[in-house]
Amino acid sequence: MIFSFDLLINAIVSGILIGGFYAAMASGVSLSFGILDIVNIAHPAFIILGSYAAYTINHAFGLDPILASIAMLPAFYILGAGIYQVYYVAFEKRGQESLRGLAFFFGLLFITEVSLVLYFGVDYRDVTASYIGPTWHLGDIDVPLRIAVPCLVSLLLIAALQLLLGRTFIGRAIMAVAQDQLALRLMAVDPIRIKRTAFAISIATASLAGAFLIIIQPVEPSVGRDYIGRIFAICVLGGMGSLPGTVIASMLIGVVESLTSTFYGPSWAPAVSFGFLLLTLAIRPAGLLGR
Amino acid sequence: MRTLPFLVISLVIAGLVFAGALAIGNEYIFFAGYVVLQYIVLSTAWNILGGYCGYVNFGTGAFFAVGAYSTVAIYNLFGKNELPHVMPMPVLMLIGGVVSGIVGFGMGYLTLRLRGAFFSIATLALAVVLETLIVNWDFVGGSRGAYILRPETVPLLGSYVRYLFLVMLLLAVASLVIARLIERSRLGFGMTTIRDDELAAEASGVPTLRVKLIATTISGTLMGMAGAPFPYYIGYLQPDSTFALDYAINAIAMPLIGGTSTWVGPLIGAVLLDSLQQLITVTISSAVNLLIVGCLLVAFVILAPNGIVGLFHKFSQRKADDPVGRRHVSLDQPGPVPAAGSAPESPP
Amino acid sequence: MSELLEVDNLSKRFGGFVALDNISLTVPAGERLGLIGPNGSGKSTLVNCICGTLRNEQGSVSFDGRPIDGMPAHKRTHLGLARSFQLPRPFPSLTLIDNVRIPRLYTVETRGAHRTTEEIDEHCHGLLREVGLEAKARQRPRDLTQVEMRKLELARAMAAEPKLLIADEAMAGLTHSEIEDILALLVRLNEKGVTVILIEHIMSAVMSFSRRLVVLVSGRMIADGKPDEVMRNPEVERAYLG
């Protein structure tokens, strides 16, 4: 293990940048699991769906993948609303969400992934954009643009979500529905509609996260499985629904993964986030900034 | 039926199955049948924690792998030719089971105090942590994988696969007997209350943590025992995530499709679903196979939450309610009794 | 008389909200204690802390001479502390008789009584009979009315053969004769030696049953004494009449 300051700094910077991107992925689950208490373990599959959507548009029209994913936002929103409706009628209403709801999402994970395999095959796909390739050099620090740009846009996304939740009526209704459905009903607001909106937003974030993913790395359908644990680890560590907490947790995990990968080898990296998760659950389930 | 007669009858049926397979003589029967039996064990084991207690374990693949890699480790320790003599399969199974059981206990101890959702996520995490550990452990082959040489023949039975089939058959019987025993015991009752309402169960005096730990340990042990012979069956073992999640979805889909409330459900689910899967993999492709499993799982979970067993109960109840010859008297309103044959259907 | 239950400076917060503020209470064995207070005053929170369903940050609870802080709820039930839930929580998968059997199997039987299945069955039927639900023994809770579910709650709490039974608003929605039935049941229990804490809004029931009354308002105990005296307390009047 050769220790050099250069290596260390670069590992940390790289970790922070990747962490920013992780935050985008985890933001959706922050909404669905952290706030709505819906264990959507299929979320990574929707992210991959987003990646393939961005890929298709990027290759067909040459449109920038991030713009492509923004164009796909309505489609993902509708998908999310539809899935929640089924989930609500089949499980939440009957009180079956713990066992059967989980199985439902697990099934969706598989269906999505295998459908992508059947349609696109198992070859890795990637996208082209002007910022994929060049790297800025700030002294000894390398900043690959293909990671930096998604990181930046991701942080913008989180900021936008935070504004939505904090300042708009819909956003505050979403925060309220997590705590007191009865109060919402008394205000003549349908909690089911609010939850559906929140879940739809959470799936919509997957569209953007998917574009970020395929910009940062080539994608094939089973790549999503690597991210399941990471996403939930970030959500739990970040305090279940706190978006600032999600960002901090993402960067923390990103940095530790990066350091592990640099100094111990990349094959140990997957265990980092999961290790974090197990530790957090065992010691402080409320997370870093938990409620 | 008490447990002892059930055990005897099961062993007799198992004996008949084995004799039947021998009579057919086609080696493929043993290869295919081994997988069905393996899934009977895995889904029964999953159901003890998932169906009875209501805690969903996504890490079936991890426990299975622990059992398999225990065998690989011992194989590498003793050398290929010595192993079958030094340590017969049942012993390997026990060792795999014990190691897996310890893992189950440890994980349960860390995470069972939390809500079910957190437990499930933790099992996902565990699966990946274990896989990473194995990939980095060169003694068992690491990412290159591990080769196991299967002995050619076994005295009395013929091919080694027949021996594996027999061993797995006995394990399947054992797991069904254990599941049924639990189901009918006070422990099983306690598990049902945990599934129904854990808070009320605690208040009623059920030691919920202890019960859950017992379930997790038994479940993990059985899964490890199912994994122990696998390296011999497959010849070449490679750790990757396909391995883990494919086992997970099967171990979940089979009990949910078969029916989670009794030992019969996982049995039905495993036999039907695995046979279907083997058929599809051979005729169409293994990718389509997984797609169908996912679709069936989603369909059953939405439309038939109590599985095939539940559908059977509903169907037989409807037949029992069939009012041919029965009269229904309504106590609230006086008036003519509705004609036989037109009784209202009772709500589900 | 020995103190069966001792609550010492118990406090419980939910984030910034103080649900219970330094509650101290002693309950001697054999007592018939009434606990009243406006909605949201913390009565159920207090029960939850005593029974172990919630963890209190400050203060301690002792039962039968033993400190039970940190003890899981099921252990407290084993020691003889039973409660019925305000919102009934029956086990939907089990029949009524099995609902009642569970606490028996897991508490009384573990104390070494070891009766036969028939005897346990007989006892469970008896419990259902006492609350008037024997006819529905083989039915599931979903077939019950709200009122019947409350009675099941009580039967389940009684099945654990407790030394102290906390009845949390078991009488809401009952008819006058049903209230009389439940009160008679609780009196019978008390005569057999069971200490009873009755949490209720129905003042007639509370006044006729309790030998001692405790009043909780906004998480604080504002009165503790004989029912007549407590009701004449000006603070209590203010809490109830505004």
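Letters A, B and C name the chains as they come in the text, with residue numbers starting at 1 for each one.
We take it that a contact is a pair of C-beta atoms (placed from the backbone, for glycine too) under 8 Å apart; a residue touches a chain by one contact, two chains touch by 3 or more.
In this text, all values refer to a predicted model and were calculated from it rather than measured experimentally.
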Chain closest to the middle, measuring from C-alpha centroids that were averaged per chain: B
Centroid-based (C-alpha) most distant chain relative to chain A: C
Whole-Å gap separating chain B and chain C, where each centre is the average of the chain's CA atoms: 41
Gap in Å, rounded to a whole number, between the CA centres of chain C and chain A: 46
Rounded Å distance, chain A centre to chain B centre (Cα mean): 32
Chain B: positions in contact with at least two other chains: 195
Touching residues (chain side chain A, partner chain B) in the complex: 33, 37, 39, 41, 86, 90, 94, 96, 98-100, 102-104, 106-111, 114-115, 117-118, 222, 225-226, 228-229, 232-233, 236, 267-268, 270-271, 274-275, 277-278, 281-282, 285
In the complex, chain C residues that touch chain B: 51-53, 72-75, 77-78, 82-83, 85, 89-94, 98, 101-103, 105-107, 110, 156, 160
Parts of chain B lying in touch with chain A, wherever the complex brings them together: 50-51, 54, 56, 58, 110-111, 114, 116-118, 120-122, 124-126, 128-129, 131-133, 135-136, 143, 195, 241-242, 245, 248-249, 252-253, 256, 260, 287-288, 290-291, 293-295, 297-298, 301-302, 305
Chain B - residues contacting chain C, complex: 186, 189-190, 192-193, 195-197, 199-209, 261
